[in-house]
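As written, the chains take the letters A, B, C and D, and residue 1 is the first residue of each chain.
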Amino acid sequence: MPELIFPLDSSKKFPDQQIVGHNRWHPDIPAAVSVKQGDSFRVHCREWFDGDIHNDDSAEDIRDAPMSKVHALSGPIAVEGARPGDLLIVDILDVGPLPQEDSGPLAGQGWGYTGIFAKSNGGSFLVDQFPDAYKAVWDFSGEKATSRHVPGVEFTGITHPGLMGTAPSAELLGNWNSREAALIATDPDREPPLALPPEPTDAVLGTLTGDAFDKVAAEGARTAPPRENGGNMDIKNLTRGTRVFYPVFVDGAKLSVGDLHFSQGDGEITFCGGIEMGGFIDLRVDVISGGMETYGIREHPVFLPGNTQPQYSEWLTFSGTSVTLDGEQRYLDSQLAYQRACLHAIDYLTNFGYSPEQAYLLLGAAPIEGRFSGVVDIPNSCATVYLPTAIFDFPIAPTAGKPVKIDPGIGAPRAAS
Amino acid sequence: MPELIFPLDSSKKFPDQQIVGHNRWHPDIPAAVSVKQGDSFRVHCREWFDGDIHNDDSAEDIRDAPMSKVHALSGPIAVEGARPGDLLIVDILDVGPLPQEDSGPLAGQGWGYTGIFAKSNGGSFLVDQFPDAYKAVWDFSGEKATSRHVPGVEFTGITHPGLMGTAPSAELLGNWNSREAALIATDPDREPPLALPPEPTDAVLGTLTGDAFDKVAAEGARTAPPRENGGNMDIKNLTRGTRVFYPVFVDGAKLSVGDLHFSQGDGEITFCGGIEMGGFIDLRVDVISGGMETYGIREHPVFLPGNTQPQYSEWLTFSGTSVTLDGEQRYLDSQLAYQRACLHAIDYLTNFGYSPEQAYLLLGAAPIEGRFSGVVDIPNSCATVYLPTAIFDFPIAPTAGKPVKIDPGIGAPRAAS
Amino acid sequence: MPELIFPLDSSKKFPDQQIVGHNRWHPDIPAAVSVKQGDSFRVHCREWFDGDIHNDDSAEDIRDAPMSKVHALSGPIAVEGARPGDLLIVDILDVGPLPQEDSGPLAGQGWGYTGIFAKSNGGSFLVDQFPDAYKAVWDFSGEKATSRHVPGVEFTGITHPGLMGTAPSAELLGNWNSREAALIATDPDREPPLALPPEPTDAVLGTLTGDAFDKVAAEGARTAPPRENGGNMDIKNLTRGTRVFYPVFVDGAKLSVGDLHFSQGDGEITFCGGIEMGGFIDLRVDVISGGMETYGIREHPVFLPGNTQPQYSEWLTFSGTSVTLDGEQRYLDSQLAYQRACLHAIDYLTNFGYSPEQAYLLLGAAPIEGRFSGVVDIPNSCATVYLPTAIFDFPIAPTAGKPVKIDPGIGAPRAAS
Amino acid sequence: MPELIFPLDSSKKFPDQQIVGHNRWHPDIPAAVSVKQGDSFRVHCREWFDGDIHNDDSAEDIRDAPMSKVHALSGPIAVEGARPGDLLIVDILDVGPLPQEDSGPLAGQGWGYTGIFAKSNGGSFLVDQFPDAYKAVWDFSGEKATSRHVPGVEFTGITHPGLMGTAPSAELLGNWNSREAALIATDPDREPPLALPPEPTDAVLGTLTGDAFDKVAAEGARTAPPRENGGNMDIKNLTRGTRVFYPVFVDGAKLSVGDLHFSQGDGEITFCGGIEMGGFIDLRVDVISGGMETYGIREHPVFLPGNTQPQYSEWLTFSGTSVTLDGEQRYLDSQLAYQRACLHAIDYLTNFGYSPEQAYLLLGAAPIEGRFSGVVDIPNSCATVYLPTAIFDFPIAPTAGKPVKIDPGIGAPRAAS
């Protein structure tokens, strides 16, 4: 295993570590550590809420989760000699929960969680149907996950970093802030909000102090959305063995990483999603000098996924189109179509004894596939969601008989919004 | 091979066949043929434009393609004893181009086509970037496709019916017509249009004549969009071995099928998409009595995909988010995110010598995967598109070297809008 | 579909066809048809016993199957310009049972069979444990097979030609005959025999007559074993999309093909194995001039398997080593190790209600994987056999509970040796 | 990660550890540690030669490798309450090289090795063609391996324990010793030997001392061969996520594990094979009481392989039959057929610039598939070996052009026998 260059002590909060990471995007956040081209190294990652979510049977922590504190990111990692215009090659050598920490209060110590955010705290993909907060705790056993809150399933996690990216240039950061501010301005009081503006409260900015801290805290972009630098893409296929090519916007590239997921379904539909955990990631970096021009990759990373993702060969598939639940026809709206497909899947699973929120939490956590099936057939987009049938302990496909009824157990904890 | 119950003569137009199909949805179109529960049978399918698109090097036929004539559908096929509220099980036993017709003027006779619709004729997924009409002709060899218009690639087709569905009830049809009319009314002169209203011109309605014909032609829903009955879902994974469960809305279920694709990428982004062909499909039907209630499947089919889809294990992946090319931030718009991901892929492929339209046509035809990666990270959805690297004759991933330059050949035919 | 160059009439016996094939290997058998390099074409194939095995519930036909009549081969097909020393490229474009012949007395007309040969008629892989004759009839539905003789399973066939090869040179044929005669001479009265010598009775030799016929009938090698020219390799992975490179030993290459299998497990352990059927195969041929030298392929074909084989992702695996059932230790004998692994699988399946012969017939027919796991750990080879769990209608893995007991139905027909 | 119950200090030899393992099979070796049913735990494993093979460019260590010292096994691990007749469930939660030990003199510290044994020291699968000793050192990077001794390839390892098993009963051990002695007696002076008798020299037997040590050292079965208890099965598919069911022959089951492989091809054909390394394995155990009878598993483990094995979708395949290189016909000998298939693959690879021993070492180390294709077609078995084409940096399939010639680099070290 490669050298540990960014350690985290599980007994201490993220801002109290020996090397302090960050939770905003800004080119002026100094590199925390530096590596050479060709180096392999290990980085510890804190779960995105820095330990505020607990292994218990209450969803109050999810309801009250402090969005101003996310994401706890490890980095920036400067890569010597990387220059704007280069492509940064990042090989994901390994990724997993905290080694040798099989139990403890921190997600990643043998367990992780999926949360459905309440409407009052950001909401989720299906916020209108699920306005409250819900939580499921998952136990890890090797590569597999089970949950006392969602019985009857066991699946191999598709482990990956939810968030990885290079630092933006000042110009790029300016674009982000202005375009997102313009969007917010269209409906500034919306709940949940349209976007998250810069927020000095709870900002963690590495070694910055004083005026420099204040300036960056006032300007730094929030880490929730993915953007041209990658960031919080939540691509479940960034598994072990993946090679990513990131555009470089600042000297040293300034790579940061965090938001590890033990597993996640396509879309991370619960928002506080996938199965959140702290852990480690082993990376190797290299540089293609001038690669942004050579390969025409001027924004957004390109990647070659690893070849050891969990294999399933039987799927049960649900579809949806861009008509609202109220029957209103929308024009080619794949976001809506995927919502409808997921709702169809949730409705279906309730026939087997699951509560709707159990089904929803499962779709967020298990390695489900979400596909754009038709995007041109006016006025309806068609989206599909694929559930691996082998993750269920019982037969899940329709038959001439009745659906098996499982014991839903204690159910998923809920906290009213 | 099962009995041929819906034959088509390749030398005759669709309305001139012994058994005449239809190209509108309406419960009053009489069943063309009838089968029993448990029966297996073969159906011939005409390519969706009934032979108006030619195996040549011009895109004028695509530019002028008559949308009022689509889709040429085989059916309705009545299933004896099926009642509203049942689930109709449809097993896709086999599907392919026209057997024993290796050459000829009809798509499906050893060849097929991909068309990018012009803005003036419906447009496509990337209509703003590609306002004109383009075409690629693909030659079939067993399960593989190559094209003189898109050199340097060969891929195994993911063959499937683009369109299959049951007849709507009168009530459901009424919903469709009213909700789509409401959408059109918001911008009735838009080009391309928001939706397609009922259109008596070129309507083909089986054996209907006289007043009955006129009534149904005036009310019949167009077949372009997928809806609660399935229909034009363009799901590339409806391959051989797939089992589909359709809701039944009318007595006899009245199953129809058409729009066969030799292959297609997720989204069918070119609109006249996938690789269009005529051919055959072998089906077996059965019924789960009362299944809509038992399994809570009240709309939209559910399916179990077949397990002989083409296998690829190395992919090159592009991502996009919901920011327009002009830099405007949109709110969680996966449709836009997928557009941006596809545009990134197209831009990338031009580094290797392809014209943008060649790259676009390829994405529409090859078995690419399009996934909802993140749908909650306000304000950006993240979409990803996966290209199988093995379909290229040359190395396609970024390296420290320069991209290989291919000979783009004669290019893809274009016809100005 | 390509031109049919080798037709067979299902109502006539193999020697009575318009174009007569052959059932012995000899360079002097004249080409039946001729094709050009680059040509695609269709060939009909008769099931290997030319219709002597019936769709019934008796195994007497298997017990009495006339080995002197096999294999009914379509060809030889001369490829213009192919010369000794070349590599013949053969692309398998498509393969399947008899199109449009869904029922009838000939295997391939909607059904096929698996036979376990009796000890008195060649025997099988597990001849000491199964000295009698057994049979299972399989019904085809699309790509899937089920059997009234082996209930509780349904699987996607891995359809392929059991036998394909080029004609041997006179010198190569001489080697075959002398080395096989030497083996037979070591135990000429063994039952089952060690090898099958040339046999004029029932020889079918294309258009040969008179003295030429008699000479070739006396010298022609039997088609049972695979040899340097390919031949009866029974490689289940020669599915659609496969490209094979055959060494060319005579002018024109003289390709022949037959012994189609709807499906087969690795090893074709029942001998009369896989699921035997007549049908069609579509091929495309080309030539690498001098390729045997360029690529050092002087014997035995090399191939690139197709990528649409049935996908399974969960397997139940049994192992065996090279110790006999009587407890005798053999030295690194993988043949024995695989026998023991298969016997372990058969024993296991009997816990669920199958008779041993039902389990054996299943292993011969389903797409099981048989692997050389360890071949060096003196004195024990280790072989493994992988059963896809999804082919069973019931849970097949060991659990804390008791095994499910299925109804074995009418069982597999048996005819005493 | 679970509790470490069997630690090894990389700076000390195997017999000098705090807890001492064993290298012989015998029921009287006391349990080194004890676990409860349902427990998960971590075990360190020493590479099989306890550090005698070095990361250098000489094969002398392979030539002189002390077979009397192998295999360094971790265990026995007693499972509380397990009784003869039970089935022991062993879940492989994780397995890999030594964590946090990225460099060092011990295989598993960032590197591993493949050795071809010399004829004078046990020999290998192709001992007649390769009588000398050869070695390749592989460097690990995440899940991937490359070698300075075999350039031009990189592959994802299929990491697994080569050896895992339960202790034999006294009766079973007696059977082993008598049947293997009988085999040795047939040719006691053979080189390499037919089997390895008990050998007190270098025996390591846990805590045993004095007379008890001497008795067990005199009787203990060597660990080279797999047997009824599992043991050195060298099944490459025992990867993460695998569940194995072992027969239990003694109280407490007494599980032992070792011989970890970073990767291995089917057959482990080089003998000192796969890519040998020390490392760790995380296991969870449980018991099916009386399971040997309930499921009829009286010998040899049964297993469900994990679903995260490296995926490859394009293969180049070679075949062989049971004819010796000298042209002698053998009767249905799959061991020979696989040798011939491997030799064909080796010959083929030399066309691209590899030395035969480089090709041989590659086949031993990479995730190649070796299959029993035909085992009944008298007199020839047919075996096939599948090479994943994507592991090569260059195109490996035959084409109309000439083979690419790679630079074989420094080649593979050799030491004359």
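What we mean here is this: a residue touches a chain if its C-beta (ideal position, glycine included) is under 8 Å from a C-beta of that chain, and two chains touch if they have at least 3 such contacts.
This one's a predicted model, so the numbers in the text were calculated from it and none came from an experiment.
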{"item": "Longest centre-to-centre distance from subunit B, chain (CA-based)", "value": "D"}
{"item": "Contact-richer chain pair [B-D vs A-D]", "value": "A-D"}
{"item": "Between subunit D and subunit C, distance of the C-alpha-averaged centres to the nearest whole Å", "value": "32"}
{"item": "Cα-centroid distance, subunit A relative to subunit D, in whole angstrom", "value": "39"}
{"item": "Chain centre separation (subunit B, subunit D; CA means) in Å", "value": "51"}
{"item": "Set of subunit C residues in contact with two or more other chains", "value": "307, 311-314"}
{"item": "Topology of the chain contact graph, where touching chains are joined (line, ring, star, complete, other)", "value": "complete"}
{"item": "Residues of subunit C touching subunit A in the complex", "value": "311-314, 390"}
{"item": "Residue ranges of subunit D in contact with subunit C within the complex", "value": "87, 122, 124-125, 175, 179-180, 182-183, 192-196, 224-227, 232-237, 245, 266-271, 273, 288, 291, 294-297, 299-305, 307, 313-321, 323, 327-335, 338, 340-341, 344, 347-348, 350-351, 369-384, 386, 389, 397-400, 402-403"}
{"item": "Residue numbers on subunit A that touch subunit D, as the complex places them", "value": "1-4, 40, 91-94, 97-102, 141-144, 156, 240-241, 282, 284, 306-312"}
